[in-house]
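Each structure below appears as structure tokens.
Same chain, two partners: subunit A is paired with subunit B first, then with subunit C.
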Partner chain A sequence: MMSFDQNAFLIIFTASLIAISCGLLGVFMMLRKMSMTGDAISHAVLPGIVIGFFISGSQRGVEVIVGAGLLGIIATMVIDFLRKKAKVQLDASIGITFTLLFAIGIILINLLAYKVDLDQECVLYGEIAYLPIDLWITKAGFSMGPRITWLALLNLLLVITFILLLFKELKLTSFDEGFGLVMGIPAGGINLALMSMVSYTTVSSFEAVGAILVVALLVVPPATAFLWTKNIKSLIQLTVLIGIGISIIGYYMAFWLDSSIAGMIVSVAGLVFLVSAVFNSKKYKFKSGTRLEPEALSS
Partner chain B sequence: MENFLYFFSFQDASIAFIVLGITILGIGSAYVGTFSFLDNKALLGDAISHAVLPGICLGFMLAGEKNPYYIVGGAIISGSLATFLSSWLKENTKLSEDSIIAVILSTFFGLGIVLLTVIQKSGNPEMAGLNQFIFGNAIGILEEDLWVYGGLAFIIILSLSLLMKEFRLLVFNAEFGKAIGFPMDRVRLVFNILMILSVVIGIQAIGVVLMAALLITPGAAARFWTDRLSSLLILAGVFAVLSGIIGTYISFVLPQMPTGPWVVVSLSTLALISFVFAPKKGILYRFFSRRKYLTKMHRDHVLKSLYKALEEKKSGLSQSELLALYPHHKRETNRSISYLRKRSQLIIKEGFITLTSKGKSEAMRIVRLHRLWESYLNEYMNIAPDHVHDSAEKMEHLLTPELEALLDNRLKYPKLDPHQENIPRDHDEL
Partner chain C sequence: MIQQVQNPILEIHDLTVSYDQSPVLWNIDLSLPEGKLVGILGPNGAGKSTLIKAIMGLVDPSGGYVRIFDKELDLVRNRISYVPQRESVDWNFPASVLDVVQMGTYGRLGLFKRPGKKEKQLALDCLEKVGMTAFAKRQISELSGGQQQRVFIARALAQESDLYLMDEPFAGVDMATETAIFQLLQEMTQEGKTILVVHHDIHSAMKYFEWIIMLNLHLVASGPKSEVVNEELLRKTYGGKLNLLTKVSDLIRQQEFNPLKN
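Coming up: the complex of A and B.
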């Protein structure tokens, strides 16, 4: 039943594009210990998507992207506000913020159910399988190919430009925010820019893989790569490779089991992560560092 | 309104039953959640609640229907697996806790989605019931399910109450607990099991995605009102129950509305009210008390400047001289002057400000505290005289009369501070 036709190629290609965009941003999120903030953002953009959808009347509107982007930034700021002004601990601030915004999103979907063609399942898990039939048709009636693939391509280009332009700043503020500030890098601004990119990527990908599975692509490939290497360049390269690999395997596994492609890609990613974790765990490796011997302690 | 009366008069036995269920369930989740919040493990609950989805699906596949025993069993297994994996990864890899939780949460959820689509494609008519687990539907809980979930909630509440001392040690000082001979690892295991159980019973009403709110928000909100664990737990329970009932009522009035989001919205509203308005810890209270402190500090500084002028054998300062001392705080200085004048601590005559005897005594007190603290730092802490000023500048506003007496006693009523300046006493004449 294994087949490699145009549809399979398109789906794998698009999934890889999304996985790479998410992975590239995810590397920096992980280095900043902000993976859960990424999770929070991917939930929190929901009301923005629904409102944008409602205003523009279609999921293709710029309003959707603007709405989601705004909500992503708002979520980051609310988390920051709760933590710094209300002195709620960080994990609880994240938990409270994303559950509230996500709940508002679900309520809006249900309130506007008859006015917008958006159901909660689509937002949650997405359906990349319908991608080949959702075409971008120009006004002249000329078909340009699948719309979502173009969106994913645009997204990836923007993410790559963003990272190339701000690589030094991102790297510096990820490892040592204080030093970055001394060097005159506006750490807060860089942070907000990164969060806006994450929210934009979430919206751009939600139709294909669903808002919640975006977080998996943000988190799992970078975490897997981090188990193998500590060098930031190879971390990024490995993340990209893992993103492509899980897209290919995930697609065929889903094809074989007749299940959600996005869900399967994530499950494969989880499996790769688990194997990497077992291989690289402290138990199975010789320690190269010096250890304090008991004698050294007693003397 | 009719609906409201119908719902809250509980004439319908099934509504009364559901409200009872929500109440027990809310108390159970808030109870467990408050402990995990205090333990700084709030997001582990989020990971577990996403992670039970594949277990629920597997339970459904094995039973072929929405059998509560299979579903609870499956959920417990996948929840335990997720908890075990998260602690294993934390011990054996260099990943940060935050990445670990995000990885577990998303991959288990992804696996759950795969199983969900497999079930969907199998065309099982009971499938609709399974979708409720994602967003929750309290009204859809069947009476027989309620017995299982209610029983589990009861077990949670009972074991938490019985093992209160152990869990208190676990969240506040696990190392100490270990040192005095409590089996802390086993206590943590029991606690994790209780957390999984509370997630399992909660998702019926709240749903997988939003379950985290029921665990985190009540505790976080209640924390703003009290410092005592017992009242914290009670308050968290009250918040959870209140929002649970509101959510259920809305699902009852608007049947297409899932319960979970409304529970979360009402919970978050309660939490935001707490964050802003709670006494002592609320944002408003802290804002005003900080402002009050800053004005008092500035008043103290004005008094001090006037006193120093006295020390320099001037009878006072002109208004413009005083304002020039605080170039960027003109408004505050003017406000302090008029406040002190009203309290008859200073008098203004033709733009020249002098201290009254009342004002002088207050100014002396501040200068005395400043110099006493400098002496204390110098003598007892062995800090060089040129390093003691900054700390004294803060402490002069804070030291109480009792502390002043103690300092005086320790330092044997000194006459001079480390800078050889006079430590003023009330009977001194200038």
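Coming up: the complex of A and C.
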């Protein structure tokens, strides 16, 4: 029973907004070979969310976003410290940092269970299907529509502004950090700014798609697009298109199978990636096959 | 043999750099005149790249200081160009040759500003100087090693600086290109630019460089080529590496390679 009503539109629209925000940041995370740092951040923000929640007494407070942002930056700096100063390998420092911070978050949730209406499941998985009933009501009692859609829209606008402003610097420091430093471009500051944007995007999206699925949206669409193009502008465009495409297909697949929308969106993304990877490896084999043929004939 | 100069363009005083407590550069003390093509020679692990990185503040010294144009590094960053080693970046990065060369102009542009027509034209001119005009639109992942190296040199040229620091810019470059680029560098020094090149091939080093720095953890020599290239100093620089040592002695025995007998 396929249908396209207002709810379907709102859910697909919001999912697309989140997928685009994550994808845009994900492109630069991937180019910096920091995709897994995005994973780490999305989990490490949990204690920040809990503390922010505890202080503000609501899931909607600015304190939650500030707390998450701070924890994201702390996680980035701890990873950097472990790698550069303590000479721990990058993958190990990521694994140590985010599991530790995530565990602290879980303990905090349990300790503050009576005061904080927040559970691990909500943070980990999210539920975008409830979006149409979670409305933003103004003080005058006027309904502005779903709250999470507005959050996602604001998030996307900030991400686009951030990337437009710092596109040249992000490109340069992703390609050749040392060269940027020599020219006096504050590579460290730009890196931290990017990590803060990732933290903010994570926390802005976790209610809808959950922390685990945010990681998938950060990593999978850019990685898929990179299989098809080697041009940074088309890479970004293709990432955006994939983000929208998987949101639409994921929603209807979930509708059809009566299953989790966020889960389905990421499964579709994974499938698109696998098909792309297989197709591109076949293409490569085919190319080298035809190249080898004349040699085989002559010998 | 370490020759100090008056009004140096680059002054390094008592510089010591260590990684994990083990020093890789000891008490380097040298000064360089303006408008020279300077070669940095030394065996692997002698600290040549570290010296260049320390000059640009990419590694923190544990002692000593560097002054460029008689100023602190941070005040003169837009007068310094850098050619890093080709292996220091991932060439799979989604950018065109022109994109990468334009990166050389970013330092002058400053934050938030986008490169425009002027920067594009400058980048194209620099590509022409290294003979890569035909590749401007090519993705960098499709280049050969020598072409990648030329893109990096073009990017440094686009910085329009007065002091150029190049870390093995001729690794993987064919002879014809090497000769062409050395000629380009010589023209630049005639315009008063100073160029420091980490170099491996002693043969071509003797041919092109005017000033030579010999390094092996300590500074062995720094001075005009005719004064510092002799068997004793080369032995001191490459000493202990037997294979290399015989090669060096061979080179010196062959009259045409010995600048002292010319």
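A few remarks follow.
By our rule, the second predicted complex is superposed on the first by the 281 of 299 C-alpha atoms of A that agree within 3 Å, B and C clash if a C-alpha of one lies under 4 Å from a C-alpha of the other, contacts with A are read in each partner's own complex, and residues count from 1 in each chain.
Just so it is clear, a contact is a pair of C-beta atoms (placed from the backbone, for glycine too) under 8 Å apart; a residue touches a chain by one contact, two chains touch by 3 or more.
Here the structure is a predicted model, which means the values were calculated and not measured.
Once subunit A is used to superpose the two complexes, subunit B occupies space that clashes with subunit C.
In the overlay built on the shared chain, the residue A:273 is in contact with subunit B alone; subunit C does not reach it. When the shared chain is aligned, subunit C comes close enough to touch A:172, but subunit B does not. A simple residue count on subunit A separates subunit B from subunit C, and the partner touching more is B. In the overlay built on the shared chain, the residue A:226 is in contact with subunit B and with subunit C.
Of the two partner chains, subunit B is the only one touched by A:264; subunit C is not. In the overlay built on the shared chain, the residue A:161 is in contact with neither subunit B nor subunit C. When the shared chain is aligned, subunit B comes close enough to touch A:107, but subunit C does not.
Common to the subunit B and subunit C contact sets on subunit A are residues 33, 87, 226. Residues of subunit A that touch subunit B in their complex: 30, 33-36, 38-39, 43, 82, 85-89, 91-92, 94-96, 98-100, 102-104, 106-107, 110, 113, 120-121, 124-125, 210, 212-213, 215-216, 218-220, 222-223, 226-227, 254, 257-260, 262-267, 269-270, 273-274, 277, 280-283. Interface residues of subunit A facing subunit C in the complex, by the touch rule stated above, are 31, 33, 87, 165-169, 171-172, 174-176, 178-185, 226, 229-232, 235. Those residues of subunit B whose C-beta lies close enough to touch subunit A in the complex are 37, 40-43, 45-46, 85, 89, 91-96, 98-103, 105-118, 121, 131, 134-135, 209-210, 212-213, 215-217, 219-220, 254, 256-258, 260-262, 264-265, 268, 271, 275-276, 281, 283. Here subunit C touches subunit A in the complex through residues 20, 53, 56-58, 74, 77-78, 80, 82, 84, 88-90, 92-96, 99-100, 103, 106-107, 109, 111-115, 139, 141, 155, 159, going by the rule given at the top.
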